[in-house]
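Handing you this structure, nothing more for now.
A, B, C and D label the chains in the order they appear, each numbered from 1.
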Amino acid sequence: MGNSFGKNFRITTAGESHGAGITVIIDGCPPRMPLTVAEIQTELDRRRPGQSSISTPRKEADTVEILSGLTADGLTAGTPIAMLVRNTDQRSSAYDEMRERFRPSHADFTYQAKFGVRIAEGGGRASARETIARVAAGAVARKVLQLASGIDITAWVESVADIAMPAGDHAPTREQVEANEVRCPDAGAAARMIERIKAARAEGDSVGGVIKCRIRNVPAGLGEPVFDRLEADLAKAMLSLPATKGFEIGSGFAGTLLSGLAHNDAFENRDGRVRTTTNNSGGIQGGISNGEDIVFRVAFKPTATVMRAQRTVDAKGDPCELTGKGRHDPCVLPRAVPIVEAMAAIVLLDHRMRQSAQNETFDLGA
Amino acid sequence: MGNSFGKNFRITTAGESHGAGITVIIDGCPPRMPLTVAEIQTELDRRRPGQSSISTPRKEADTVEILSGLTADGLTAGTPIAMLVRNTDQRSSAYDEMRERFRPSHADFTYQAKFGVRIAEGGGRASARETIARVAAGAVARKVLQLASGIDITAWVESVADIAMPAGDHAPTREQVEANEVRCPDAGAAARMIERIKAARAEGDSVGGVIKCRIRNVPAGLGEPVFDRLEADLAKAMLSLPATKGFEIGSGFAGTLLSGLAHNDAFENRDGRVRTTTNNSGGIQGGISNGEDIVFRVAFKPTATVMRAQRTVDAKGDPCELTGKGRHDPCVLPRAVPIVEAMAAIVLLDHRMRQSAQNETFDLGA
Amino acid sequence: MGNSFGKNFRITTAGESHGAGITVIIDGCPPRMPLTVAEIQTELDRRRPGQSSISTPRKEADTVEILSGLTADGLTAGTPIAMLVRNTDQRSSAYDEMRERFRPSHADFTYQAKFGVRIAEGGGRASARETIARVAAGAVARKVLQLASGIDITAWVESVADIAMPAGDHAPTREQVEANEVRCPDAGAAARMIERIKAARAEGDSVGGVIKCRIRNVPAGLGEPVFDRLEADLAKAMLSLPATKGFEIGSGFAGTLLSGLAHNDAFENRDGRVRTTTNNSGGIQGGISNGEDIVFRVAFKPTATVMRAQRTVDAKGDPCELTGKGRHDPCVLPRAVPIVEAMAAIVLLDHRMRQSAQNETFDLGA
Amino acid sequence: MGNSFGKNFRITTAGESHGAGITVIIDGCPPRMPLTVAEIQTELDRRRPGQSSISTPRKEADTVEILSGLTADGLTAGTPIAMLVRNTDQRSSAYDEMRERFRPSHADFTYQAKFGVRIAEGGGRASARETIARVAAGAVARKVLQLASGIDITAWVESVADIAMPAGDHAPTREQVEANEVRCPDAGAAARMIERIKAARAEGDSVGGVIKCRIRNVPAGLGEPVFDRLEADLAKAMLSLPATKGFEIGSGFAGTLLSGLAHNDAFENRDGRVRTTTNNSGGIQGGISNGEDIVFRVAFKPTATVMRAQRTVDAKGDPCELTGKGRHDPCVLPRAVPIVEAMAAIVLLDHRMRQSAQNETFDLGA
């Protein structure tokens, strides 16, 4: 269970790092939109391994096939869009030892405890390859949002370990984010981050960091009382990503240090629209978007796979040691940027459609 | 939409601060459990206003009525448990001005933008009275968890504004938490927090803070790949609470500063069980509980209602001023403690039942 | 579980025949619609017992209270509408014997088998009083449909035991249906049905029959491929009603006797609209409404409670006899008419909102 | 929307008759069960075209590939099982005319009305090829049910047009059903049915009929009050199948002719178990299984595609004629038998798992 996400725009995913591949079915996609394989592939290429000097040297083409849901003219038909990315570069021998020994801070032990069995190769369903499905579906959601509403979603790496961008209310373009391989729009910080990641790799160690995301042109009114608040669904979306440890909307944990008077966002009339003078709310008030930019941050822990000996136990519970093998990112953040954007797009589109269902279907005349 | 939470143990809530009252229906409650009104009332009393010198002086009895779902012998029948808490102390005159002017950092503007209409009195559905339903349902979930599995959930106030408990891996009992009115188990910090809250009230201002929660005796195996990870559902549950701005599991944002080697939780065999030597994972790995304590933190912003003049706009979009009226908590955290626990209980019980459905129904012999 | 129905317009119900009462929460109701208690009460009065010479002499006022979801001006606020109908006329002594003995063709045995416990009085959750919640929610759905789309739903009693209306493609008005107490628009058949029902009662026996329903002014396009076909959701809605044994859409079982050429509904252009010359499809093709009237039939078994001795077993499994007591309808059909309409309204409105979410939110320009 | 079915055992399907193929994802499958491609293929072969003299001569291998969800040892892993059946024998030229003209009693018009666009080739998503996904998923559900609970599901053709099996409470084995190509266990009736189907084909016409299904060894207690009654979910499952027009449980429409005394199923103690002496209830009382065989019937209309000229309109709404082309079954029933069984298996397994979640997870000691 738990492999579907969304209510009206709903994705269901399947697939492990080993086996035939990763599948996603999108149910509820609006019809009549032109959609090409290339548009999906562009986003997948931002996520795939082997794209830069600081990511894993694994070469996986991650070529997507659209299995259904398009007309002969390449329009979305309103029927489910199934997509498949086949696995190719599988070296299960790299995982032999891991079959018998639980990797620390991985899901080996918990999957075994849950299911009584597990796909050990490559972490099985807990592999980050699972996020391919999210990115493919997110590419569709993103296009609908951009085309129809001009909603724009941009994420970037704000910090890697203790290397952070200068503080400030940044609003980079995607071009600025994509300008370097670490996907940090500040060139100086980016250079130091890259150095830091390479140093970690040289030591057989790994690093984590924080991704920030800004969503522009969001209409006021998206989000639902009371459980499906927009920030609640964003939090779930982000905490459902591998390696995430925290989520903040707007002022976040730092906001707990402010007084109410300092934290409140005063309303003003700017150019004929109700706007706030500050944005501690992060674009969401009472669970519903207020028309300001939505701004949130996500914490990613350091990669669990390290190339150094660690204490663990084997399948029988006996103590042993385990040294990481295989080809892994010493820092997941650069490749996580498109994944964060994809999940945000899916949440936003779903809520945009929910808003329509309840509040725009009828003109009840009052 | 959005007023239901959970999958197999599922709650649906309704009600505003004004109008007849707050209703909750629990669907899926396990049968054959003794349940009394008093058990629900105990938890509601921890949440209700007027219980201490630092909470709002509003006196609301918040008396719960169980409308259905119990046998004549007081056992849960397996059928839906509906509960109703009537509203009593309504002074809508206190809200007259607010009907015309959007309160900063409240949901007035966004509800109006979403629905084109709103219940202005007391914030309508965005009122914190809505959480009564969560606490009532959580009391039922908590009892099932305790009775059947010994799962224990304890939350407490870790910080108020810049006043924080001493750092450390605290594991207080409920008695220690309830020992003072701010619900911080460190007596010294508690005293300073109370002072800080009273100072904020004296200034017509407000403060926020952080609540920490620890869940003990969780069996390994709860949580689902990939979207319904246990921490994802906890994050959603917490970010669905009014005034929350952030969520951390285990090491959280601070964990981004550690290297992989330092962050990984080594496995060991302790007393015949697979355990971890540290708990940066916060009791969850790969989205699934590993048997260690689940530990998370939630950030609450300062109360939005302050008794000082603030800039805002009126319903026509014209600039104006607004000064908070009514009786409000200058700090929501002490009363939020039982709410955090309630939502955690609902998440845990739901996942316990899901685990049973898929993984314990059949012995398929492999 | 299983006490919610619908996706975007979603109802959740609770309550037994004994205990405090019947509760329903509507989530997702469109905002800005005037709604009064009287409008709900009108539909409840059509359902309540004691309304005619052929229904149970139980007198239950079934007075509804709207607990939440309305503005001070009586408009739907878009937040959940909770409604409560308290139980009043409870004579549990009438059920003493039934506590120990399983009533044939009731749910006593199966509830006990399922839950290991049961609310024996009045059948508990299996009581037809549960349908109060459906009628109350259906009254809201019906009003939205009528006000916004002119969709009109009319059901009537087509047959009672072997007494049937003359064959034909009937399309009675509600006034014609309400003209007599059996709710059959054919006066001659109605008279014979009433006689038949009274005869059954006189013998301590009971009768069943068929209700037919016609939905007018349905726009083409409602319904979803593939599992949520409109007729599939109608079938589920109807078979979820107590005492139902069958469902037919359009030509139904009789349609299996026709050849394809005879069964197919030819298209024609009538007054500038695409119409069908016949309506064997019952207004739905490929699971989606085609703009013709939706026509379906529902089979209701004879009331299970009869005032004659029947063989059964007691709680220990020992054979015994049981004679029905209490005050029961010898034929449920007249009172089931508004219930069928209510469930149809909920299905239609939900699908109308789903259609909006996916297919009307965006103009994607193709 | 609407392309998922089930709650704890949940399938999501995608795919059209043209395009790459048909995909299904099963979420929630119990782990640790051996599963082979051959077991899925066996059921698909019962459904595929070209298998007999009375089905379409289209030759489609319908070869299934399991994309994920199995361990290296061939056990279900508890993670989603994705399966793909590629389309092969596509002759879209056969559909050229149909692209411009709406086929009577097909979904061409309604899909166009709903989505504003459609995949015209082969009926797109409304093609019966969609049921491949159901059969593949049903094969998995069936195996779990059989292996773990001994639940056995057998459907057969009861009537074709006016040719019906002799009346009676039949309980054929699968071998008896599979003994002839029409899947009617009565050899005499089967021969006449085959003749009737061939005659229809010779005339360019088609026929419908009724499928009956019997489910044995169902434990008492499956099904939920009130909306997810077991018969309600079965009704939805069956009415979600292409070409279905009706559903009956137990006595069905004929039961409306009986009096209550005649219809009620008396309880008795048989071999130490509570049983009923008759089975008008069809194995379900109050929405919950009572341990007797579940027996239901499904009406299928005659195939809509006929090889004779019919009146219709074109995309502009202008009247025209259309003559069916392509290779179609003159009677869908023989191939629908495994589809009915598959959907029944999915419903039963889902409810078995739901029963476990709520009612078997905890021993609450009362």
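What we mean here is this: a contact is a pair of C-beta atoms (placed from the backbone, for glycine too) under 8 Å apart; a residue touches a chain by one contact, two chains touch by 3 or more.
Note that the coordinates shown come from a computational prediction; the quantities given were computed from them, not determined experimentally.
Across the two candidate interfaces, A-C and A-D, the one carrying more C-beta contacts is A-D. Taking each chain's centre as the mean of its CA atoms, B is the chain most distant from chain D. Think of it this way: of A-C, A-B or C-D, only one pair shares over half of the B-D contact pairs by residue number, and it is A-C. Our note on geometry: chain A versus chain B, Cα centroid distance of 26 Å, whole angstroms.
For the pair chain A and chain D, the distance between mean C-alpha positions equals 38 Å. Centre-to-centre separation between chain A and chain C, using Cα means, comes to 45 Å.
Within chain A, the positions touching two or more other chains are listed as 1-4, 7-8, 13, 28, 31-32, 75, 78-79, 114-117, 125, 225, 354, 357-359, 366. By the touch criterion stated above, chain C contacts chain B in their complex at residues 1-4, 8, 10, 12-16, 19-23, 25, 27-28, 31-32, 65-72, 75, 77-82, 84, 114-121, 124-125. Only residues 1-5, 7, 13, 102, 104-107, 109-111, 113-117, 125-126, 130, 159, 161-162, 200, 205-210, 220-229, 231-240, 242, 244-253, 255-269, 272-274, 276-277, 280-282, 284-291, 299-306, 308, 310-313, 317-319, 330, 354-355, 357-359, 366 of chain C touch chain D when the two sit together in their complex. Across the complex, chain C meets chain A through its residues 7-8, 28-34, 75-76, 78-79, 144, 147-149, 225, 352-354, 356-366.
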